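I have placed the structure first, in the form of structure tokens, so that the comments after it can refer back to it.
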Amino acid sequence: MSETTQSFTDLAPSAGAKFRQRTLPILIFAAILFAIPMVGPSRTFYTLAHQMGINIVFALSYNMVLGRGGLLSFGHAVYFGLGGYLAMHAMNWIEDGAGIWGSVPMFLLPLVGFAGGAVAGAVIGWPSCRKAGTTFAMISLGVAELIFAAAFMFDSFFGGEQGISGDRMNGIELFGLSLGPIDEVYWFIAFWTVIGVIGMWAFTRTPLGKLSEATRDNAQRVQFIGYNPQRVRYLVFIAAGGFAGLAGGMAAVNYEIFTPDALSLVPSGFVLIMAYVGGITFFVGPIFGAILLTYMQSMLSDFTEAWLLYLGVLFIAIVMFAPRGIAGIVFGFLDGVRGDNPGAYLGRWLMRLLGILLMLMGLIVLVEVSVRWSNGYGEVYEPFGLHLGHENVLSWVLVIVPAIAGVWITKRASKEEEAA
Amino acid sequence: METIVFGLLNGVSYGLLLFMLSSGLTLIFSMMGVLNFAHAAFYMLGAYFAFTITGSSSFWIALFIAPVLVGLVGAVVERYGLRRVHPNGHVAELLFTFGLAYLIEEVVKIVYGKTAVDYRVPELLDFAAFEIYGASFPAYRIFVIFIAVAMLVGLWFLLKRTRAGLIIQAALTHPHMVGHLGHNVPFIFMMVFGIGCALAGLAGVMAGNIFVTDPAMAVQMGPIVFVVVVVGGIGSLEGAFLASLLIGLLQNFAVGINLKFAEIFGFLGMSDLSEVGRISVSSLAPVLPFLLLVLILIFRPQGLLGEKEL
Amino acid sequence: MTTPALSLKNLNKSFGPAKIINDVSLDIAPGERHAIIGPNGAGKSTLFNLISGLYTPTSGTVALHGRTISGMPPHEINKLGLSRSFQVSNIFTNMTVRENVRCGVLHSMGQGYAFWKNIGSNKAVQQKTWEVLEHCALTDKANVPAALLPYADQRALEIAITIAGGADVILLDEPTAGMSHSETDRAVDLIRRATEGKTLVIVEHDMGVIFDLADRISVLVYGEIIASAPPSEIRGDPAVREAYLGDEELPEVMA
Amino acid sequence: MNFRKTAILAAATSVLALGAASADTIKFAFIDPLSGPFGPSGEAAYTSYQLAAEHINENGGVNGDMIEIMGYDNKVNPKESLVQFQKAIDDGARYIVQGNGSSVAAALIEAVNKHNKRNPGDEVLFFNYAAVTPAFTNELCSFWHFRFDAHADMKMAAITDWIAERDDIKSVYLIGQDYVFGQAVASAAEGQLSEKRPDIEIVGNELHPLGKVKDFTPYIQKIISSGADAVITGNWGADMQLLMKAAAESGSEVPYLTFYGGSKGAVASLGEDGIGLLHQVSEGITNLEASDEQYALIEEYKERFPDYDYYYHRVWNVMDMFKKAAEEAGTNDPIPVAKALEGLSIEHAYGTATMRAEDHQIQQPLYISVVSDDVKYGVDNIDLGWELVDAGTISMDAAEQPTTCEMERPE
């Protein structure tokens, strides 16, 4: 082959491939965002979509640190929160209209958030990025606790428990959007989500983005190709802080309020789960994770009070059985179907799916029956008109039989795969 | 004088409680490299198991059985969960325990209900041991100190005087060496994880009735254990002991100091009307450990007595 | 006399009580191919780590083209034109071969820590990456993830990354370790071509490779250089023979 | 539990019982924690709303319409509350009820104000049953917000009133959480005490970080060595329970006057040690003299929801006042109901409650009670319960506080 390779251009993907792999997905993503308002969605849908947009940017920014940079952070919400707080103050400055703020459109607030997150990243990253690994993780934990505690001490910036609130319908209108009604906010969120996604994708294509991956893989070797890994980590950390701040700025406009909870360990843990469940080795992984987990967080609690338990099970299942996350499952499936023997692959895949669904069914019956038993309000789990009390033998049959069948089927699918 | 005596007494008793909780994590972390986020969840299990056993028999039986049960749960978790995740690296292991903490809390809520259970100090020890400056010091706290010291001695004996202990000790400082020694590494890991969890369970048995036994107790204690382990230094039980006492004393003495920043830094022109000036040392006490954690990691990453960096 | 490309003066390194490098002094002229040999545990890798900045010397200095580099961090030393490879393949496993080499190229092309440029649009970087790949016969594997490469190709990639930055002093740590005969021949050929006109310092166990490549050989035993001379003289040196007594490789080649 | 489904089910059964099939439903969105660490406190209120709504529905509803309580789990997070708020509006809710967390209440007040401004004709009302930050009916007051709980300064007024009558109390120690609420409680206590009993010395004013203290023993020892005759705290949640446990353990014997001593699990965690130690201020306790219907209600609640106790008496006030206002207005639409609520009074089981028109703050008598083992109704499924202390009834006038509210009313 080497004889036929005449120049470097042959090594790079062709223009067509570039379009298919890089431009097209972004175009499709933008087209979906553009099409959503056409179907006349409800407020709930809009609200969820906004939350998803914000979480997509937030989770992607987290993955710049974890997936691309190999740094496990327990305090990423600090940058989201500080960027958001700054944007919130800027919102109020715009309302006051004093000085330069009178001429800043509300639409550009996420840029203020970006600046806030990046500055916070620059200050906090300075001591913490000197080390990677567990040291970094522990520093991020300690810093997150300290900042959260500080949030309740400095009311002038954080507004105490009630936080800082503002009104987004001020300042100059951009693109004819007053940002009042929820469908106008949609365009704002959609615009910045696309900007955030493109921005972070572009970052992976820059020298610094590549060096970040190199540092993750082998920090020692990076030193011997002329780069300082600490500096690479530090710069990536600032950029990630900036994009987290961008998401914070989006949240500031969307919710018009920021409270200290936004800085706590809870959202920091949640963004970790979003990114990991989505798949940290893929650029799009955190997008999947953000969409799924945002949905779970806001909608699953309508159906079951044990939603945190299901979330825990999902997370552990992903860590144990699908470390490449949902994106890994999706791309693995696509590869398999395009593989040598798609029929057999699909068969195994369906079998495994069946097994997983059966196990899930057992789990759901177990959890729902137990939760009601534990509450003691005399309620009974009644799916599809069945009456599944804890004293009903059928309940326990419906737990054990599907669970065992599910385990057996999945095991068989795995064996077949090994054989294939 | 009162401040000093109270600070010492409470600092030591709280510090020893922290040591009970963190010694297990030190073992696990040093040897397996797993930052067990679910450690505090095992502590909670200890308290709940003790509550159940106390209900059907007595506290004294619970004192022995509950930690063993927690240890068994830990061993099972290691065998069927952690071991599977191990090939994917430390981050995956850490995330596994992260999810496990969620899961244990939710299961506890289903089994024991969402609110606090009535887990009491045993009647035998429910009296004031002595009284100083009008405040009584409960006998149970003395018992806690006694148990913690006994545990320290027991651990020390196990590590320095038994063959298994020597292997574990070697593994603490040189984890990669143990495989070469021809020992059954997975089995050792399972044992260490189980023992570590049992120690957390013991702490739960002891602390659940001093504090409140409810599903939030794990989240409450979670982060502070890491502080102890990291500040103490990897592979060093002595370090964890020192760090526990240090943090216990630091917090308790800070509570006794009513000075505000404005009074300390008044010479810099700080007024007690400013937000920074209004902060008092005692109000900072509970966040001091985290400050200590960050400072230690920046200036002495190997911890107080650790031999290697994280 | 011209300034030596690399000059070690009274270099010492101790780890606690253990003295690993003992008063090593050595000058290597520009363009020279210098081999360092010695029994296992003699301190060869430690010496490389001292030169490349991974370790700081206990005492003594290292100078690159007359400029003291000891005490500098590795990335600064690399910027001054010294590059090294590793005994155990030390590559970016989750990236493709092309990306690996490109990372090595970046710095010399003035790309710095840029986050405003597209890495794919810089023609000079692409051109240079391709040249290095071609040099190391890796073009047909350019888009393979590095972790999936066969061993010999990983070693080639190791060298490719080392030379990619265009350093004029190259340190190679056992580049042919663990290779078969034919693979070794290819590797030697590659090293010869890749280091044309550059200063090369190489640690090797394979004496065939050494005597084939080197202009001068230094023998390191227990942290001390006991001889430093052209290959022909080294063959007859009794001190070297004594040091290698019992070692199977050297006598066989020297015979 | 499928909260929404259960509530619908409850509403549906009561509709069937009446045989009135044509009635509309009035949708109340209950936005509070229903999972996670604060789940229990949300659920205790949620179950109260359910029972109150059932009773109203059984008696013919409001203007012939049935009430439906829809549960939305906000995880005590302000942002999540706003998401749930939008969901509630989508589901047709015109009344929002919430109580846990001033941060959430502040976010909801803002959100409701903005929603009503931006969506005329679709107004919603916010019934706050437990968020006590005084600002909500002072500088932040809103026409759309009604508070059915005494705010922090009113509760403090009740506590200081009681202390003022106790000549044996010469010194007081203040301890609270270091954030807006805790600070407000401390300054209210200082201000009111110096006015009512200038001779009382405040021997300590301690603020500790919110939810971070594991062992309160050192704080208690500071209290003991200060020689205080009484302690006032606005602590809630774990900070309240751990404080009281440490107090009991260290043999502290002075009264601890708390806002939230009645919260779930606090009495149980103290056990007998709480007797005579733990005091609370509230708008009613189950062991007050009351009508047989009230006793029956308390017993029915306990039977239906054995995990919880009849604690949220004010939930019944919310629902009864709503019913009365809507019937006076002759419609269930929010704006007329809001106008009818202004100045409305009802007689509830433990006194008269009046919704003050100028700031939408309820005014009612308050009660100071203490843990006792000689009670009709225990709490937390043990034999201990709350008993009124001597002179523990604080009249409505004594608890009333001035307001700075300047309310903007719609045309």
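Letters A, B, C and D mark the chains as written, and numbering starts fresh at 1 in each.
Basically, a contact is a pair of C-beta atoms (placed from the backbone, for glycine too) under 8 Å apart; a residue touches a chain by one contact, two chains touch by 3 or more.
Which chain is which protein? Per UniProt: A, B = Branched-chain amino acid ABC transporter permease; C = ATP-binding cassette domain-containing protein; D = ABC transporter substrate-binding protein.
Quantities reported herein were computed from a predicted structural model and do not represent experimental measurements.
Asks: If I average the CA coordinates per chain, which chain comes out farthest from chain C?
Replies: Following the centroid criterion, the farthest chain would be D.
Asks: Hey, how far is the Cα centre of chain A from the one of chain D, in Å?
Replies: Whole-Å distance between the two chain centres: 36.
Asks: Return the distance between the CA-based centres of chain A and chain B, expressed in whole Å.
Replies: Whole-Å distance between the two chain centres: 32.
Asks: Distance between chain B and chain C based on Cα centroids, please, to the nearest Å.
Replies: Result: the chain centres lie 48 Å from each other.
Asks: So which bits of chain C are touching at least two other chains?
Replies: Within chain C, no residue contacts more than one other chain.
Asks: At least two other chains touched by the same residue of chain A: list those residues.
Replies: In chain A, 149, 153, 155, 306, 308, 371 touch at least two other chains.
Asks: Indicate the residues of chain D shared as contacts by at least two other chains.
Replies: Touching at least two other chains: 39, 178, 209, 212, 307.
Asks: Chain pairs that touch, all of them, please.
Replies: Here the touching chain pairs work out to A-B, A-C, A-D, B-D.
Asks: Could you list, by residue number, the parts of chain B that touch chain A in their complex?
Replies: 35, 81, 84-85, 88, 90-92, 94-96, 98-100, 102-103, 105-107, 109-111, 113, 223, 226-227, 230, 275-276, 279, 283, 286-287, 290-291, 293-294, 297-298, 301, 309-310
Asks: List the residues on chain D that touch chain B in their complex, please.
Replies: So the residues of chain D touching chain B come out as 37, 39-40, 43, 178, 206-209, 211-215, 217-222, 224-225, 227, 238, 241-242, 245, 249-252, 264-265, 268-269, 271, 307, 380, 382.
Asks: Would you mind writing out the residues of chain A in touch with chain B in their complex?
Replies: It comes out as residues 72, 127-128, 130-131, 133-135, 137-139, 141-143, 145-146, 149, 153-156, 265, 269, 272-273, 276, 306, 308-309, 311-313, 315-316, 319-320, 323, 367, 370-371, 374.
Asks: Could you please specify the touching residues of chain D with respect to chain A in the complex?
Replies: Contact set of chain D toward chain A: 1-4, 6, 34-36, 39, 47, 72-73, 75-80, 82-84, 86-87, 89-91, 101-103, 106-107, 110-111, 114, 118, 133, 135, 178-181, 209-210, 212, 304-307.
Asks: Within their complex, state which residues of chain C touch chain A.
Replies: 52-54, 73-75, 78-79, 83-84, 86, 90-95, 98-99, 102-104, 106-108, 111-120, 126-127, 129-130, 133-134, 137, 139-140, 142-143, 161-162, 164-165
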